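One chain, subunit A, appears in both complexes that follow, with subunit B as partner in the first and subunit C in the second.
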Partner chain A sequence: MRIEFTVDGKYYTLSVSSDKPLNLLLSDDLEIKSTSFACSGRMCGLCVVLMDGKAVLSCLVPAFEVRGKTITTFDGFSKTRDYRDIEKAYSSMQNYPCDRCRAARSLLIESIVRRYEVTGGDFDSGEVLAEAALIDCDCMDSDGFLKVVRESILNRRKRKNVRRA
Partner chain B sequence: MYVELRSPNIHEPENIAAYNNTILNYRDTDFFLWAGGTEIMSRADFYPAVRGNMEIISLDKIEELHHFLRNDRYAEFGAMVSINEIAQAGKLVLPRILLDTINSTACRTVRERITIGGSLCTQRFKTSLASTLMILDAAVELRYMKKRMHSKWFQLSRIYDKNGALSIPEGALLSKVRIAIQQYDYQFFRTMGSPVRDPENALSMALVARFEQNSVSYARIIFTLPSRGFCYNRDLDNMITSLHLPVSISRYGQVEDFVLDFIKDNFKDIPHLQESRIRGAFHDMIKDMNEKVLSYTGAIERQQQDR
Partner chain C sequence: MAEHMRNSQNKSNKFYGTLVTCTDAGVQLDSVTLPELDSRYFTLRQSDFAQDACLSIFSGSIPLLTEDRVLYPGQPVAAIFGPDTESVLLASRQVRLTSHPLEDGDGAPADVFDTLTVGQEEPAEEGEYKTIRSRTRIEAETYVSASALVCECWQEGEKIHIEVPTQWPALIRRNVARLADCPQTNVIVHNMPYQSRHDEYLIQPAILACIGVCAALKCGIPVVLKSQAWSAGPALEVDRTTRCTLDGKPVYEECTATAWLGAYALDDNEFIRQMMAGLLPNYRTKHFKASVTVKRSPSLPSFAYSSAAYSYALFSTERHCTLLAQAFETPPAQWKEYVMADKRPFTDYMPSADLSQLARLDDDIVEMSDFNRKWASYTTQCDDFSILSFNRGIGLASGYSIAGFSTSFAKTSQAQAKITLTEKHNVTLLTSFPENDAAGDMAEKIIEHEMDLGDHADVIILDNDGTMTDSGPDILYRHSGHFPIQLAAAAAKLNLDGSTPPVSLVFDCDEKLMPCEFEQRGAAAVIVETKLDNISFTPIALEAWVAVASDSNISTRHLNAMIRSRVIGTLKECGARISDDPLRPFRVNIVRKDWQAGGLTSLEAALDGLTRASYLSALKLNLSNIAETLPSDEKGIEKAYREGGAE
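Our next item is the complex of A and B:
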């Protein structure tokens, strides 16, 4: 099946099996190594990417669903100013994720930050903690994750009118 | 070349009429219906697929399946409405137990991809959403092929057999779910463990009840053991309905033993952890019920003393 989609700002046309999971598509066909492909849909949460700005588990997205979509992986995201907001939050809270989950956690935080940026609603700690449980890694406790997310939202609000990745 | 040969064909009908045509054309082939895909993609053997020449009918673009409507008596959702949208749209009207069940189903990132139709038709494990909808007397519309296309409403409990396996005509489409808008005096939902990561040990329990003074006048209880099925029976309901509140310790022991024996009779060899979770959830429920009744009677007594 022929699919056309954008990954980290680059437009690709690939001929792949229509049921191939997105994480395998990124690692095998595009050689993007920041996305994990270890769990095969068991929801370890380490394969998070942004699809049209929203976090998704790439192991649960088949190739035929990414046609015409915009995918952001950590490789591309880590070069943007949006990532600086999150990186600054890590450093000001003195709470860093491990190398194994850094990519997924940062993209998940970015998705949460964008959600609050768009809706401007009240911060729902319960919902954010439930999101934290998505990533199966013990390097950051839930309280620390909550603080990093709050700080990232504050950093983003301070730096408004900035072009998105 | 190899990839092209094994790649399943994707069909994306844009309305029910186009879906009917697709089914008519491919009814004799190996096809499956694709809703959100969260359960299908989490199967260990999904990719690379052992079977070749599969036909995947994606339901995502069928407009009718994304609609929802509400009136005074019920809310009706198309099968492709995500459970996150249901929680947001029905926040003020749907029974609280249903919202609790949805909120306990994964995190928002995953919930946005889980559709209500898909979660009722999972093959590998049973979801707590299906069991909660069952005790809420939800009804579903099925479209199935029998010489021509039929559509018919069924009680949700009728599309599962006694062990919780899906028993609908092959290739049938669950197109709508109707949920009655009613509240109960008491609603309790508890889930333990993940049905995806550890279906063997996970458990969920849901109960709705109505009280009359200090006794339970109506109750429906259901246990979900994701890898085995549902445990839902009139005998269990009657056992809870006969309770006088607060439940004494001796009576509690009797009821708990009855419930456990009943579940063990239905599902042989329950793991120890799952058994402990059943006991824990049931204990929490009885304790919560007792607290609610005691605080209620305490408040009434205080009112009477004040007068």
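Our next item is the complex of A and C:
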């Protein structure tokens, strides 16, 4: 089938099998290497990308679901100012993810930050910790992850408020 | 308008393959019936190999494909190749195997045994002593990587190319050259990035590469072979008997350990040396005797498994320490302070050690975690278990770390690297180790520290793809823990050389001149607090405190990530659930101290063992009658809870 979608700001049209997973579309067809860990749906969580701003496991998203969507990978995201907010949070909390999961974890945090940025609701630690379990990597403890997410939200709000002023 | 148009359908220029494996272990194959396949498919059996179809690794070997005896579950029997992965997988499911069980002792190799005695040859019998016995068991674990292992092989003229993530490129090059009957210079290994938890990229990638190359040579076009990377840990049983004076000082200790290392022997003697180093207690005794026996078992062959031999032995040693403290009704922190006043003596396996640094590490986290109060409180709860409505535990363990191979093993290996000072006063480093941010940063720091480089000089870690350098396997934390020490010595030597650049130095990656087998590479102390879930009986890890003595070359960022990863990963492997309670989310509190002994440190091996020991000590406070076996599970805990014993 033919699908059209946007990846990191670029518009693509591909002719692919309808059930081909998104991570293979990205790594094989678009040669984006930051999501190249292929666990074939065994929930390693390392292939997280943002689909319309929400974190998804790209190995579980078939090609037909991607049609018309906007995908953000770590390759594109790491060049944005939004990523700087998260990087600053890692640094100020002295809690860095390992090289293995940095891409997936940063995108997951970005997805949470965007949600709170839009809804502006109270921070729900339980919900955030449940989402953290998506990534099967042990380099960050639960408490550290919560602190980094909170700090990232603060950084984002601070930056956006400064810009508005 | 589309910026790009691509088509992923054109794949007819490659063959895709999969391994046909036998799920039973300890059987003799009677027949292997392959399905009828059209001309787009071909199969590979043991008879298709011109040379001996086995993987030679260390001092042992593993068959690539077997046609007679299947000694471990999942042993490859054949390989099927076809135009796409899906159809090949379907074809592999149609293979029919018939077998019958092997008779006991049918061709089984003999056990390997070694013993160590420190101090008096035989324990003196006079005097009044209290005898404490313990048994620690670890069940064999198999770790399968979440990421798929993909190996691509192709031929270009005389050259054979292999693209695969591997911890030892030279192992693949050597074996492929032997099987393809060509010089090693014709085999080029392109090492793909990998993240290994338990050395799962050591054996399986090499097996895939050998089979893949044979298939590529047979069909003449590139082949892609997919599988899962696995690694197997040993099963272990350690019995320890200590005779202590009535005031709690250990005097005589004897320890018997038995390890089951899978179906094929890779290097049992090295495993024994690593175990011996871990079995040495962190207190002085008049007599200490340890004996280790290695046996074969119908399971996956086991060798390193992230320094399992040392880590598991250290785990049993520290676990026993806590039992000794409990026997004298003293909190482990206080008991350790009492027995760690003396130096640990020199042995063939470890140099003498000043135990006061360990005691100071203990102090740091004991205070921070309020260990003594919690220990007292939880011990009372354990005594009156049925009265109190909560059940919590806390455990402490501390010890030294090691890294790399033993001196005896290093003397037989030829692992080397090359450092060059170029004409422009840049430094290049050539190894076969994979590129890795943390290790690369450390190598740069070491070279800059050891060599007087100008402001504009660069340290370049060369792209090691396809080089003929063999720096040995990237296991047992050699790359991060052992190699930097050799690199520092080589850089200092090159700096003092004074020759006109360019000047190079080829150096050994392992220490061959140490008087004993291993050296202390840092120290750590770990406290873990747990509780039992009241309904599911799952042990939940609430918080951990870690104090480490580490050198300054490793950045805090990498060190903290490594410590968290090791502690959380090990707790999960032990059967614990990490607390995700929003009111008290799991946290690893880290205290970092300088490593006073000097030199570089590697803490991974110790952290694994110490986390296990403190976790099991904590679990034992949760439920005093639980068996000393890891990993723990809910069923065992429930049984211990209801019936008063997990056995």
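In this section, the second predicted complex is superposed on the first by the 158 of 165 C-alpha atoms of A that agree within 3 Å, B and C clash if a C-alpha of one lies under 4 Å from a C-alpha of the other, contacts with A are read in each partner's own complex, and residues count from 1 in each chain.
Just so we're on the same page, a contact is a pair of C-beta atoms (placed from the backbone, for glycine too) under 8 Å apart; a residue touches a chain by one contact, two chains touch by 3 or more.
Since this is a predicted model, take the numbers as computed values, not measurements.
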Does the superposition put A:29 against subunit B (first), subunit C (second), both, or neither? second
In the overlaid three-chain picture, which partner chain does A:94 touch, first (subunit B) or second (subunit C), both, or neither? second
Determine, under the contact definition given at the top, whether A:133 touches first (subunit B), second (subunit C), both, or neither. both
Give one of first, second, both or neither to describe whether A:141 is in contact with subunit B, with subunit C, with both, or with none. second
First, second, both or neither for A:55, with subunit B first and subunit C second: first
Give one of first, second, both or neither to describe whether A:15 is in contact with subunit B, with subunit C, with both, or with none. both
Looking at the overlay, what does A:42 touch: subunit B (first), subunit C (second), both, or neither? both
Taking the superposition as given, does A:4 touch the first partner, subunit B, the second, subunit C, both, or neither? second
For the three-chain arrangement built by superposition, which of subunit B and subunit C touches the greater number of subunit A residues? C
When the two structures are overlaid on chain A, which partner does A:122 contact: first (subunit B), second (subunit C), both, or neither? neither
Check: subunit A residues flagged as touching subunit B and also subunit C 15-17, 20, 40, 42-43, 130, 133, 136
What residues on subunit A touch subunit C, complex-wise? 4, 10-17, 20, 25, 28-30, 37-40, 42-44, 46, 94-100, 124-126, 129-130, 132-133, 136-146
Subunit A residues touching subunit B in their complex are 1, 15-21, 24, 40-43, 48, 54-57, 59-62, 64-65, 108, 111, 127, 130-131, 133-134, 136
Which of the residues in subunit C come into contact with subunit A in the complex? 1-9, 146-148, 150, 195, 436-438, 556-558, 560-562, 564-569, 572, 578-580, 582, 585-588
Which positions of subunit B touch subunit A when the two form their complex? 3-4, 6-10, 37-38, 41-44, 46-49, 54, 56, 58, 60, 103, 106-110, 112-113, 194, 196-197
